[in-house]
Amino acid sequence: MTSTENPVRIAQLSCGAEYSGIQKEIDSAVKQVNAVMVYPEVDIADIESIEEEFGLKVASPDLKLVMARAKSIVTGKVQVDAVFVATCFRCAEAALVRSEVRRYIHEKTGIPVISYSFTERTTAGTLLTRMEALTTTARRKSLLAREKQSGLTAGIDSGSTTTKAVVMRDDKIIGKGWVPTIKVLESAEEAYANALKEAGVKREEIQALGTTGYGRFLIGEHFKADLVQEEITVNSKGAVYLAGKQKGTATVLDIGGMDNKAISVIDGIPGMFTMGGICAGASGRFLEMTAKRLGVGITELGALAVKGKAENVKMNSYCIVFGIQSLVNSLAAGNTPADVAAAACHSVAEQLFEQQLQEIDVKEPVIMVGGTALIEGLPKAVEELLKVKVIVPANAQYIGAVGAALLASGFISK
Amino acid sequence: MKVFIYPTNSLILSDLVERFGHEPLAIMQEVGKKVKSQGLDSPPLNITPEDPKLGLKYAAVEVPSGVRGRMSLFDPLLRNAEAAIVVRDPVISFGCMGCARTNELVNFLLRAKKIPLLELDYPSNEEEAKEFVYKISEFLKSLKPAEEKK
Amino acid sequence: MDSITKMVVINSSKLLPSDVVIKLYESNADVLIKETCFGVMVTGERKVVDSLLSTIRKMDPYGIFVKERGFAPGEPYRCRATRRGGARPGFHNLESEDKLLPHIASALRALDKGEIPQIKQKKKKLDIEKLKNIIKGTEVQQ
């Protein structure tokens, strides 16, 4: 993100952004990552023929313009480094176009694309992580090509719920720290200290440090990190590294404490991805609350869920309040805690499936990471829904910290 | 009279209405007011996240923000319209006219308003253009001229 | 003061944008003038612009078309030079309407001559019975 680099050119293919009052937010987010929005040139003949050529007929003219601009990118009429496809949330017509345009550009050009559906409440802050990931993919191909950790490096992942730290030496994890996030800096200090202690190394010996997660900027500054990187890039890299699937396609799923990430990865580099963060019912918090209501620890919930049958419990809401209430009611109606645990996992997996996995192309292997991946019932529920085998690599909960430590080793000797 | 035109950014309709002595109500005037009257807080159109909320007057919250934002822009035009000319299948048009759902709602509201309304097809050749211009001129003649209205 | 911009779109065999520009300058009116690929943009007080353009229209009533424009000329968020890439949304609209202007011009001429065009009947969908008969007829031939 240094200002000496040329700005990344992101093509904006959108419908409704100006009228939702959020163009300013988009512009502000791209400015923060040293990028600029460009509007691919099209002429009237392109627009008139685009429906026939693209094969998708739509009623809204601005969506025709989106398709024509996409074609302009694919045919090389305009040179861009990345593409941002955005339309109004809840517009069915636009959702179809958004999805097909994203796939079309990605398949025909390999240019990184992200898609987003906005409301008038969308802010630059929400868009920032996505834009950061998009520009990193476009700008730092060489950094992302790194497949092995080298030297002595560390990574800290300051998440919304937990803070994780790892110390790595010569491609091996030698120290780990895991604490709940209470105060961002203090929790990071604690997790890092624990990891260093386990590794038996001093802080001064660490050759490079990477930070990621919600608190990445704050802790990055505090620890004078060499790499401060959003979690899409870091988790993609960490996931394929831990799973030993660095080459070819993969899909990375991370159900976090506050938001979920579904990332389609090619050779360790994120291609398409979505980040959801509106509903707590689709987050790790839902499972945490279910565990609490069942009177079991979060670490026990998964094993319990594997023994149960989700279909025995009727849930009429995904909501963290009403959904959990119906789980509790089903206990009173005679269902077993195992069934309830399974139903909770199924509910979270189903929301991920319905709301996020439609936005990316799910390609095997599917790798689940983050602390929630260890709740065995959850990957099982995802497997049942997707009908594919789900890989949960060892140390899946340290994904961000491992990814950061791995990428940080690219900064040694600088 | 104040004549709402649809497509609301049409050069031809705007010109014909003015040519035949009436005042076209076109979206460009509203865009102009937005971008010129205040400091440009939310470029390019100065539509802020407040505008889609104002659009709730016309459509519920489950309707996309882009529709509601556009509706807030259309609001003064719809309120002031004394007559309307609607072209049923206009040539492709973008921006303020770029959303089909908004356009359907605007058309409905015009019809529901029970003001003098002319609906006609977009011409594709000279003969149709003659019919198009003739119908518009007859319609506009049937309305009271702008200067006589008060 | 209500400052507005109007676009004068010229689609004429006898008039160039530069002719209109000269005429506008000759008027000495308090307006800003910008020549464009479609014609001229005139910015000023609404009354001044309207009265000036009603004179300009007379230069070629069938070749000059006028509409208001929301943005002032050269507005950085709309101007192609500063917007990085494609035209502002309204440009394509104008481009497609421009193609129809010669037809509108001849329609206006016809109107001024008092011609009453034939009103075409709308095409109705084919009666289902007729379609059935056609299908039956085709079957027999096979």
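Observations
Here the chain labels run A, B and C in written order, and each chain numbers its own residues starting at 1.
We take it that a residue touches a chain if its C-beta (ideal position, glycine included) is under 8 Å from a C-beta of that chain, and two chains touch if they have at least 3 such contacts.
Only a predicted model underlies this, so the values are computations on that prediction, with no experimental measurement involved.
Of all chains shown, the one whose average CA position lies nearest the global CA mean is A. Between A-C and A-B, more C-beta contact pairs join the chains of A-B. Averaged C-alpha coordinates give centres for chain B and chain C that are 16 Å from one another.
Measuring from the averaged C-alpha position of chain A to that of chain C gives a distance of 48 Å.
For this pair, chain A with chain B, the centres built from the Cα atoms lie 42 Å apart. Under the contact definition stated at the top, the residues of chain B that touch 2 or more other chains are 43-44, 92-98. Multi-chain contact residues of chain A (touching two or more other chains) are listed as 47-48, 62, 65.
Touching of two or more other chains is recorded for residues 89, 92, 96 of chain C. For chain A in complex with chain B, the touching residues are 15-24, 27, 47-48, 58-65, 87-91, 93-94, 118-121. Chain contact summary for the complex, chain C toward chain A: residues 83-87, 89, 92, 95-96. Partner chain C is touched in their complex by these residues of chain A: 9, 11, 36-44, 47-48, 62, 65, 69, 78.
Contact residues of chain C toward chain B in the complex are 3-5, 7, 9, 57, 65-72, 75, 77-78, 88-90, 92-94, 96-98, 100-101, 103-104, 106-108, 110-111, 115-120.
Chain B makes touch with chain C in their complex at residues 7, 9-12, 14-16, 18-19, 24, 26-32, 34-36, 40, 43-44, 91-98, 123, 125-135, 137.
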